[in-house]
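The letters A, B and C name the chains in turn, as written, and every chain counts its residues from 1.
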Amino acid sequence: MSDDARAAMLARIRRAIADGAPRHGAHGVSAHDDAPALVRGVPLDAATCIARLVHRVEEYRAHVEVTTHDALPAAIAARVAMRGARTLVIPADLPVAWRPAGVALREDHALDVATLDAVDGVITGCRLAIAETGTIVLDGGAAQGRRAISLLPDWHCCVVFASQVVGDVPDAVRALAAAGSLSRPQTWISGPSATSDIELDRVEGVHGPRTLEVLVVRDARRQGAASSVIAAATGRPPASAA
Amino acid sequence: MTGIGTRPGRPLPRFEALAPARLDDAQLRRNLGKATATIRGKRQTVVDELPHWEALREEGRAAKAAVLAELDVRLEQLEARVRAAGGQVHWAPTAADATRIVGDIAARHAAREVIKVKSITTDEIRLNEALAARGIVATETDLAELIIQLAGEPSSHILVPAIHKNRSEIRELFVARLGQGDLTDEPRALAGAARRHLRAKFLSVPMAVSGANFAVAETGAVCVVESEGNGRMCLTLPRVLVTVMGIEKVVASWDDLGTMLQLLPRSSTGERMNPYTSIWTGVTPGDGPEEFHLVLLDNGRTQVLADSVGRQALQCIRCSACLNVCPVYERTGGHAYASVYPGPIGAILTPQLLGVEQADSLPYASTLCGACYDVCPVKINIPEVLVHLRGRAVERQAAGAGTHPYPRLERLAMRLAAWAFGSTTRYTLATRVARVALRLLGGGGAVTRLPGYGARWTAVRDLPPPPAQSFRDWWDART
Amino acid sequence: MRVALFITCFNDTLFPDTGKALVTVLERLGHVVDFPAAQTCCGQAHINTGYRRDAVPLMRRFVDVFAGAEAVVAPSASCAGTIRDLYPALANETGDASLAAAVRETGARTWEFTEFLVRRLGVTDVGAYFPHRVTYHPTCHSLRVLRVGDAPERLLRAVRGLDYVPLPQGDECCGFGGTFAVKNADTSVAMLGDKLRAVQATKAEVCVAADNSCLMHIGGALHRQRAGIRIAHIAQVLASTESERLA
């Protein structure tokens, strides 16, 4: 029956569009291989890119802090202390330098949901961040873990390297493609969980983490690979190149 | 539940019959006026900050029009990619097919309860009722959907189904239905109540049902855009995920998805980006559901696609900007449209999905003011489609179908007017008769009372006294 | 320039003073005005109510009557909009390619009065004098179909003695909508109520617009409520001088 339904629907579609509207693509080929260039905003220089990311994330009422590679461990420790967190879940591949002392760290090796629900927070990296929209994108790659660990804990601390910051959404799409991320599970995060369902007014904090902290690492040490991927994908230098 | 949604073959109640009760509801008018004014302001701010907004709209329109023109190819491509990534794809020609497919999946897993991400498409097919008939409870997890599910009311807005309710009404509902007595009416407290209520379900229910905002043909990725994190919960934690998607939601490429992700949040909630966007492709071992089903729904969409003027309605990305600027929607609210798709987009989508004779008052539920077209992120020319559908409604009425209360009288009047305007002599005579009649009715002064349907005009308005001389007479006398 | 007036059936019958005002202003600016006598009605009400086929002969008639006119000028944004925005699709439906071409060509020569003055003639000061407090309601079809922009405001601001007050939420529809006002009378009245409050808030003596139809709706309620605010077509204000007040 399912095959019949499929054939019937496809036949109805073909009849419906038979009036000769132009058809563009072909099987298996990106629609934009020969498409005109995408509509773009004004490109941002590196410093503006970081500043805009910080401003935009702050506007979602997330905490943002710009730090350096050397100061990052202390910055993480300070945020954890301020939060008063005692147990944190971390991706198994979280860099050692990002792991704060003095709290119980649970590396995620398929922890059950009850455990994830009980911890005080989570520390992750990200694939990239989008300045224009104040968005961090997680794809389950290095230092990010699976989706559930950045979802159930109520506090999420995310480390972003300047070299991972792209200007806008089209840049992000090209960078994800270049990094081979398109088929990975992605979560685009713009501020803490929120709702506008009551009188269309945004309030923070429903089911996802109610507190989001973003630490932006200004210098690009050890992120050379990511930065060259982004530059190649977007045709623009990564934000830290200046 | 009303709506696309009323059982097949039964026409919707007429808009003008449903509107008055809503217009008289002062609380509803205040709630809607406040909410739509808020969102209009927010949208304008974030749209104005992009100097290339108009070019982006055109890019969005072009992308959607192109994918519709090759919909068969793109759906086959999407199907192949989803399957290659470990997902299962189902084709559902009708609502009944779709609900049966979802119910069968639930039955196979012995699921007694499913958690749901807000999805108008599943409202359209009345999935919750169909599951209930099989003993399966569908729990809505989006805050607004939860509110109306608890209240037992239909949705009144695409984005915010409970837009007709204010905070104190929501508080009373939560106190009564969730047993959370010490609640204030602060939105933050109300959101917290929803968080406590749903947490256990997220952690334990084995199956979720979602809609889809977009699906990318070139890789098989499916995208859900949300704010609260209930979507992430449903898309990540249960073992089984079923996504019901209208066939028009497919986009060709990731570039097109990027375009949509710039247009949608700014148009919808007036944000640069919504808090959470989930994008997944089939099944990822160790991360998220072990089983993924994608249900491709027709349910009238191919009928819309076959109309060369009306098909642009399928470009819709469900942002609801057209509702928020519509002066008619702002005053009547969503329930007057008797459909899960209210407002200007509903007025062109509902009649096309159901058959225009089933909903032939909706194309007339507009002054054709054009505010909807100006804000549409994918440039659907809603006034053009409204006028087109009025023409189709009249054709169906001439064939004896439809719900118009006096189709013959209207037809006669229109015919007569067209005949009179077909010659200068008849035109001059007819307009002279009109002026004389108005002079008699007004006793030489303003006309305060017209007979018949004209009484609807003079209920609140006078007509000025008719002039003694037409322009034409003046011109003739002048030369 | 030789200007062919399309006065519209509505203004011809009920608001002839509007047409006279057009003649006054255009002649004052030194143009030759023509009124092709065979004109009747554009068929807007037919098209917008769904009686498309009945409108086809009216469309053919319009195209014939105004063939060869250098410029067709109408005192109504919605009627000019019918020619430019609704006729092309209607002509395509007839399958008559020469009609479709003629419609497009006629549309390119058809103007609403205020946009004709500002865009085509490049005039904003038409030598008018009108010592009154005036607000302007931008009708939907002038704003969003013809996109006349700020042409009417620029004309009003150039009128000597005129105290121009912008209308709050001016771009929102007044609720007229042609047959909408009767088919959806209750909703129409709800929209009208908000428009009246905005008009009254301006404390204007006169409310003007580029369409007598919307004005009849607004003015009819102002009259019923004895609000003390009168309505006038913008052309009547532009035609007024020290020696002759026409609004």
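Criterion: a contact is a pair of C-beta atoms (placed from the backbone, for glycine too) under 8 Å apart; a residue touches a chain by one contact, two chains touch by 3 or more.
Since the model is a prediction, treat every value here as computed from it, not as a measurement.
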Classify the inter-chain contact topology: is it line, ring, star, complete, or other?
line
What pair of chains has the most C-beta pairs in contact?
A-B
If I average the Cα coordinates per chain and compare with the overall Cα mean, which chain comes out closest?
B
Round to the nearest whole Å and give the separation of the Cα centres of subunit B and subunit C.
32
Quick one: subunit A and subunit C, Cα centre-to-centre, how many Å?
52
Which positions in subunit B touch two or more other chains at once?
none
Could you pull out which subunit B residues touch subunit A in their complex?
31, 34-36, 38-39, 50-52, 55-56, 58-59, 63, 65-77, 85, 90-93, 97, 141-144, 147, 159-160, 162-163, 166-167, 170, 187-188, 190-192, 194-195, 198-199, 202-203, 217-221, 227-230, 232-233, 236-237, 247, 252-259, 261-262, 265, 269, 271-282, 284, 286-288, 296, 298, 302-303, 305-306, 308, 311
Subunit C partner contacts - residues on subunit B that touch it in the complex
15-16, 19-20, 23, 29, 309, 327-328, 331-332, 363-371, 373-374, 384, 387-388, 390-395, 410-411, 414-415, 417-418, 421-424, 427, 431, 434-435, 446, 448, 453-454, 456-457, 459-464, 466-467, 469-476
Touching residues of subunit A toward subunit B in the complex: what are they?
2, 5-6, 8-10, 12-17, 19, 21-32, 35, 38-42, 56, 60, 110, 113-114, 117, 130, 132-135, 140, 146-148, 151, 168-170, 172-173, 176-177, 182-209
Per the contact definition, I'd like the list of subunit C residues that touch subunit B in the complex.
7, 9, 11-20, 35, 37-38, 40-41, 43, 45-52, 54-55, 57-58, 61, 86, 89, 140-141, 143-145, 171-173, 175-192, 216-217, 219-221, 223-224
